[in-house]
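Right after this note come the structures.
There are two complexes below, and they share chain A, which is joined by chain B in the first and by chain C in the second.
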Partner chain A sequence: MDNNRMGLPMKLLVSILFLYLLTPVILVFPLSFSDDQTLAFPPSSWSLRWYRAIFGDGRMMDAFITSLGLATVVTLLSIVVALPASYAIVRFPSKVTNALFNLLTAPLLLPTIVLGLGILIVFASLGVMGSFSGLVMAHMTVTLPYALRVLTTFLTGLNLTVEEAAATLGARPMVVFRRITLPAMTPGLIAATALCFLVSFDEVVITLFLAGPRMTTLPVELYHRVEMQPDPLVASVSALIIGLTLAVVLIVDRSLGLNKTFVK
Partner chain B sequence: MPSDQPSPSRTAGTGVPLHLRGLTKKYQDFVGVDNLNLDIQGGELVALLGPSGCGKTTTLRMVAGLIPVTSGEILVGGRDVTSTPTYQRDMGLVFQSYALFPHMTIAQNVAFGLEMRGIGKDEIKARVRDALRMVHLEGKEDRKPTQLSGGQQQRVALARALVVRPSILLLDEPLSNLDAKLRDEMRREIREIQQKTGITALFVTHDQVEALAMCDKIVVMQAGKLMQAGTPREIYEAPANPFVASFVGRANRLTARGDGSGRYGLSGVEIRGSAGISGNVTMMIRPHRITINDPAAAGENGLSGRLTEVTYVGDLVQLEVASGDQTIMVERSTRSQEALPTIGESVSLNWSAADTMVFSEDAP
Partner chain C sequence: MPAAVQKEKGSASLVAMLLVPIIVVNSIGFILPILNLAQLSFKEALVGGGIGEAFTLSNWAILIEDTFYLEVLWQSVWVSAAITLITLACSYPIALYLHRTSDPIRTVLIVLVISPLLTSAVIRTYGWVALLSDNGVITSLLTSMGLNVPPLMFNTTGVIIGMTEILMPYMILALFAGFGRLDQNVEDAARALGANELRVFTRVVFPLTLPGVVLGCLLVFVLAVSSFITPKLLGGGRVFLLATEIYDQAIVTLNWPLAATLSMLVLIVFGLALALYARALRLVTA
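And now, the complex of A and B:
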């Protein structure tokens, strides 16, 4: 985004929009340093006690570990599936690959609540409710479309002649993919990885249907906590989640440039 | 091959001949290349010339193995490579878009083909250095492609294609992305390198000047068919049909009637032509071979008309003359000091019978 080229009214409008969008998020930070027993703004005194409380809270820590592991596994599997799929879809366009693309991206079009309910019904009969593998499968229905979209868009922009040039120089198809296509796709892969990770880590609706007392994720645990006992702990956990998200975005930005990766 | 040899080290004339036999590419609803026969001698630079969609790039891509052939044969040095996969065809290809590997340095780009051939590190290093010297890019080894200008990138592409000493060099509109001045320079450079290495080369272009200036032979294509193959001089001086006459160089296209003895009726005037065809004919005359109001005009053919338009294009003035129901374009060098006739004035045109190209009216 090029702020310099905007006129003053546009700048003002953008600032108001950003303020509107970000105020609730920014408010989380002062709240997380509260010394009060309940969520109230402004806090009457300040402390780090709710940050310390997180580490003493076994349920919250378990949920965090689960979320981290889940997001990692989901991201890896999504990329492993989406990379060859996107290659086939872009490089060998046909009715079959077109149908594959539509099938894999369809979940994006469905309301998440409907998707969650559908998955609940199927999983209940399969007996994978509240299990890690169940959550992995459920999350992948949402992350795969993102991974596939990012990678196909990126591959479409990649110059096919570069692969052809490698072939004329004596590279077999697998060598072309490994030496030319894959390295050239690195920015797209990083973008897809970051997106999958964040989407999975942040997923609430579908997870709500599937998580049980044995296994829950951080956002779901947070949601229950707000319902049961809304203390500033939820604010300090939220602040940490925002920090993690920013870290991921920053890594992408530093290694590739955010605009280049996501807006393309 | 020993690494102390300069690379590429083919000497002129040692290139491999390339033969296309009945090469055809059919798509669902049209024919891209229609029964193309072509014989290219070793060491020749041959242009495939034609408007876009004429099948020239399709032909080149079939030769490279990038698209499958519907029927016909491709013979490289007598060996049938029609069904050989691209990576075993041993062809160097230079693309219009350069197609350099963006994530590799210039040296890595040039070394890629050598690596694929399993050549040792030391020899790769030496050959990459020689190849970059050949295209005047010493010292740019560690740059990335995006750090070079278009002309430099195309020179890297040329070095990358030639360093593996391919049997055939294929060039797909390599100069079309460059500006006019650079194009002239690269044209000369490519020709020089091609002659020095003696490699057989196929050059796809839609630019007649490029084809005329660079190539040993020109193959003019239209709608998937071969229109004419010959030396630049043959193509320009003796075009096989009106399409070639108007695609290579400019030409007036007039309709006349012939009596079979070389005399033609054009707007009620008798014109002498280069062939004896009877019935309706297409008559083609190059605009710069016609003189206007020249008292010493030597040509057998004369026509009078009225000047309707004058366009100044720098080194030339283009004059449009209406004669009867025909419009004739005349070109005069701006070097001439004589005053131009004014618009609306009556003028006389003269040209020779040898410059009057005549084709039967159903020629393409």
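And now, the complex of A and C:
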């Protein structure tokens, strides 16, 4: 389409609005190289001290390791639980499985503040507050709907005939699934894995309700830090988190192409 | 038993087996907590964080009688409405640009719109703290220009500025998706018939994009009402909204029945927003 239709004022306006949208994220990078004791921009001098400070901060390191372990466990369990469910929903469609699909993805529609409170109260009576298993369960409540959505979308697009051919030739259902369906689903599995990992690693509101003084995750620790003393340490940790996110997204993009995965 | 029926039964039990694990997680993490919240809003809060057994309407009565909670509700609704309108104003030009520009540029810009969504709200809010705090970038820039700058953080202004940026990607994507009905030929026809640019926009472009506008507004309003991280950090405990009040009642005051009642109130506001949306959509597509 002709670009002249959009005059200079329009382009200027759009640039300013993009600046507004992107500045808070971009600002994190220069801030992370600050040499100042407190938050100031532009910093009076530059250094890597706040990157070194991460390793000296026991709470931050513990939180990082918890987050990494939590996201890994949550992701693995989510795939193990969502894969059979998506298979059942796509390959045995009925009124019941359709209704179930809506119910199982419903947690995404609920505000996390409400879900977090509800989980807090139930988990307190179950005695799993501030525990790793409690956090795994809570995170899976939000990652499973994503995993289920991605996997069912992908499975729906898969060609049935090869599965049928294998079955006709005498392969048992389990063999068909393991030798035919599962390999064909690899791209969907990669996408679901990445999504679950990012969602769990970034989750903050529900975790804020459940995390205790002994166990906390990186986003929650970061949240408390911004609330109490927003120094450049938050910037250096944030820069690393953004780097990690970017790496995950790039891996997915390299292995399948983002458009194919998320924009179906 | 005929083979077909047997096969049917076999697959039904297979389906059940495949679905049991996810149903268990969903029940413990979603259904049970929400049902529990609903019944808790009708239980009495005892001193010291206990919960009474008897059925009571006292929590709901507090919401109506205590003017503080009415103010919180009112504040939540008008701040969210303000955020929605400002987000719309900031997002519309970007969405229109995305719609009209051609491909290599469009793809790059869409990636730029989506990338903040991949960044934690905590990180983006921290960026706003760096910009809006008393010695922050914007404040010092304006002060050095000799302006008398009012505090931009720990008040409603800060919450609105930050939330608008946080929610812009959702609005832009909703608007962009709805701009499919916008046909260049119709615009050109209006121009050929002598309409000036302003008239083309108000009479042709904007009406055609209204369904997207309404959808984006619903989405952003609902997200604004239930947002917690950004209002809490940029409001600094001085801006009282439903979401921050739920957290304070649950974690600080340990009044779980009242927190549960406020949660139900958020869901009621959601329901009303949805009803309003359905009505507005019927109006604009009629």
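Keep this in mind: the second predicted complex is superposed on the first by the 242 of 264 C-alpha atoms of A that agree within 3 Å, B and C clash if a C-alpha of one lies under 4 Å from a C-alpha of the other, contacts with A are read in each partner's own complex, and residues count from 1 in each chain.
Definition applied: a contact is a pair of C-beta atoms (placed from the backbone, for glycine too) under 8 Å apart; a residue touches a chain by one contact, two chains touch by 3 or more.
Predicted model only: the values in this text are computed from it and were never measured.
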Partners on chain A (chain B, chain C) - clash or fit: fit
Where the C-alpha centre of chain A sits as vertex, the angle toward chain B and chain C in the overlay (nearest 10 degrees): 100
Touching partner for A:37 - first (chain B), second (chain C), both, neither: neither
First, second, both or neither for A:133, with chain B first and chain C second: neither
If touched residues of chain A are counted for chain B and for chain C, the larger one: C
Contacts of A:45 with chain B and chain C, given as first, second, both or neither: neither
Chain B versus chain C as contact partner of A:186, first or second or both or neither: first
Contacts of A:171 with chain B and chain C, given as first, second, both or neither: first
Chain B versus chain C as contact partner of A:121, first or second or both or neither: second
Smallest distance from any CA atom of chain C to any CA atom of chain B, in Å, after fitting: 6
Interface residues of chain A shared between complexes with chain B and chain C: 173
Residue ranges of chain A in contact with chain C within the complex: 1, 3, 5-6, 10-11, 13-14, 17-18, 20-28, 31, 39-41, 80-82, 84-85, 87-89, 92, 97, 100, 103-104, 106-107, 110-115, 117-122, 137-138, 140-141, 144, 148, 173, 198, 202, 204-205, 208-209, 219, 222-223, 226-227, 230, 234-235, 238, 241-242, 245, 249
Partner chain A, residues of chain C touching it in the complex: 11, 14-15, 17-19, 21-23, 25-26, 28-30, 32-34, 36-37, 40, 90-91, 93-94, 97, 100-102, 109, 112-113, 115-116, 118-131, 133, 135-137, 162, 165, 168-169, 184, 225-226, 228-229, 232-233, 243, 246-247, 250-251, 256, 259-260, 263, 266-267, 270
Residue ranges of chain A touching chain B (in the complex, touch as defined): 159, 161-162, 164-173, 175, 179-180, 183-184, 186
Residues of chain B that touch chain A when the two form their complex: 64-66, 86-93, 95, 97, 99-103, 112-113, 116-117, 157, 160-161, 164, 170
